[in-house]
Amino acid sequence: MTSHNSLTLLSDFGLTDIYVSVMKGAIAAINPDITVIDLTHQIPPQNIAFGRFALMSAFPYFPMGTVHVAVVDPGVGSQRRAIALAVGYDSTNPTGFLVGPDNGLWSGVFSQYPIIAAVELTNRQYWRTSEPSRTFHGRDIFAPVGAHLASGVPLEQLGEAISPETLVTLEIPVVQTETLEDSTTRITGSIQASDHFGNLVTNISGMVVLNREWSLLVNKVTISGKQTYSDVPVGELLALVGSHGWVEIALNGGDAQTRLSLEWGDRVQVLVQNNPR
Amino acid sequence: MTSHNSLTLLSDFGLTDIYVSVMKGAIAAINPDITVIDLTHQIPPQNIAFGRFALMSAFPYFPMGTVHVAVVDPGVGSQRRAIALAVGYDSTNPTGFLVGPDNGLWSGVFSQYPIIAAVELTNRQYWRTSEPSRTFHGRDIFAPVGAHLASGVPLEQLGEAISPETLVTLEIPVVQTETLEDSTTRITGSIQASDHFGNLVTNISGMVVLNREWSLLVNKVTISGKQTYSDVPVGELLALVGSHGWVEIALNGGDAQTRLSLEWGDRVQVLVQNNPR
Amino acid sequence: MTSHNSLTLLSDFGLTDIYVSVMKGAIAAINPDITVIDLTHQIPPQNIAFGRFALMSAFPYFPMGTVHVAVVDPGVGSQRRAIALAVGYDSTNPTGFLVGPDNGLWSGVFSQYPIIAAVELTNRQYWRTSEPSRTFHGRDIFAPVGAHLASGVPLEQLGEAISPETLVTLEIPVVQTETLEDSTTRITGSIQASDHFGNLVTNISGMVVLNREWSLLVNKVTISGKQTYSDVPVGELLALVGSHGWVEIALNGGDAQTRLSLEWGDRVQVLVQNNPR
């Protein structure tokens, strides 16, 4: 087998144990030439919301046809379905494939890309074993199925077709947009993630502030909308469009999360002046 | 050189420093096409028992002929031997190769798989340098030797044959089995590892509880034997056969280690009813 | 594209977020066959001195022609230049290529290897997008440029040639050497890094103590110069030449940093007896 696609792995397994490595062993046993890339394995344990946001944010930066395998799976061993999806705009050339539990983990990606096809993973021929562990479908089902997909096995061979409408969607606070009396636009969203630097990422798209004067309001603190960290003095808060395209809160030379102590789902408001700069 | 096997790395080096990366540099300098997989680099510093258990648990999930290089090596620079082993059931097609210090790290794997051949690494032609660092044999001896093995160099060229009986074995508390008066079987073992989720792994094989009613006793607490996490309510302890095939203690939706505070070597007992379910 | 070199990545991004993975996605989109090796992503945030030392220490262990991409970049989005360098002794066959910000991160490597050529990255054809993020040049400029270099694009096509004299150099405390009245040599240097084991690495080359009796003085404590950890009893401090070639302070079976609590830049002195052992 010489042709292959890239394959990414995301989980809440951490890097201390051997769980991630044995998934890679299962992949290498099928096709050692697959380029395997770790998205992250430090999703907080069983936190589907963080996993969903990481997958949605990373998805656009991988080559056409990349297979994404994700395992944040508190329902492993219960009745939750195991699924694979093809998503994108060209049904003969999917942007990517998604393999994992049907628990909302994928709902960020398919909120942004159309679903081309969806199957439930029922064909045990593509599993590592026809009697998988009750607690580790990552190793026994998801990684092997991903490796077969990345090696050219067609999606429809992996199991029975299912209707995209039946897929589990994680409910997150909806982004709301209003126009105020002074013609300012007010967008209300929420905190979705904080990163290693303490930057706080919202679910408000950076598109809404493009070429506009804007500010952000959180916990009664008003923060100016800027272009990059050094647009404010060291030690000051700023709002900016982060590298994944979302409105973020940052602290130049420091850690905004430590300063503001916000949590997942906390409400933020963006105020946009409707006269081009 | 186009043919190659997969190669795994395990160490206590952590991921903060460049030690792991320069081992990979030494491998790439010999054969950049080897598929290198990290088992884990977060073995507690110099803890051979944890390294032994991780290697034994991960070994079965890799392709035939995979080379495993492991460096938990408190005796580096002393008289401990550097070794390479071939293990498996078919002497012309080993299940895997093991490269590292002769300090007991491999004794879990060779308690489960026969040793086909063993050599002491005395042939400096396959080292990175004939004058290796006194403190970093991982980079200068083990990783290069592993890369040559994974590229097809025969084991016997790496040094002088040694007798498998002379290899260092790590003594761990023996698992003991007794039949009680009521025909219950009592198996006494010990805690061998705790994982990132707080699951506690014992050295009692899951085979002993297959299709039986069973329970586990630790610190005078009795825990029911179950199939998967969701067989008990959230917040309750359960015992189950974990994904590596060992009896484990878990807490549905939580962290069993935080609840029970057990340590490596702590005694556990499994009680099995001898009537099939 | 079948020919390729190895490519290393170093950053202060940590492994919790997806930043590292999307750099790898950008590389795979250009050439999925590049062997990508993580140097480390746990440089303390924005700490150019630690990044510089890690790059200088790891550089010699990679194959000829390896491309090193590093992103410790507090000035991203400001006027600091983006650069690529070729270094080594043979202008037709560079030892390695360096890609990243011009902020001193590379000055350790080019203190040890001559610069063959230097360019400012101005040719947007080799970027991921001609409109890069203001805050994530790693993904949009450095990783793609590195992938093109590793795939055979000549350095001079990446941008305009610049003079090596104009490159930013990080000033670190200079190592000073004196000869004392009793003909002892005293070398004064400083702590440059501490590793995962608590070993403390100085900027004094191990060459100065080769085949000599020596000791190290720090905070009025005198520590004997030895060959390896087990040359002193467990629990005792020793000085030795570490695996990267620098004088280090270690504690046999323990953590020298916890014992001594030294910081980056703290002064250490090595005293060398000038009669061969």
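A, B and C are the chain letters, set down in written order, and residue numbers restart from 1 in every chain.
Quick note on the criterion: a residue touches a chain if its C-beta (ideal position, glycine included) is under 8 Å from a C-beta of that chain, and two chains touch if they have at least 3 such contacts.
These figures come from a predicted structure and were not determined experimentally.
Chain copies chain A and chain C are related through a rotation whose angle, from the C-alpha fit, is 120° to the nearest 5.
Look at the contact of chain A with chain B and you find different residues on each copy: under half of the numbers used there are shared. Each chain gets one centre point, the mean of its Cα atoms, and the points for chain A and chain B are 33 Å apart. In chain B, the residues that touch at least two other chains are 15.
Per the touch definition, chain B reaches chain C in the complex via residues 13-19, 21-22, 24-26, 28-29, 32-33, 45-46, 74-78, 133-136, 139-140. Residues of chain B that touch chain A in their complex: 5-6, 8, 15, 35, 37-42, 54, 57-58, 61-63, 66, 195-197, 227-230, 240, 242-243, 253.
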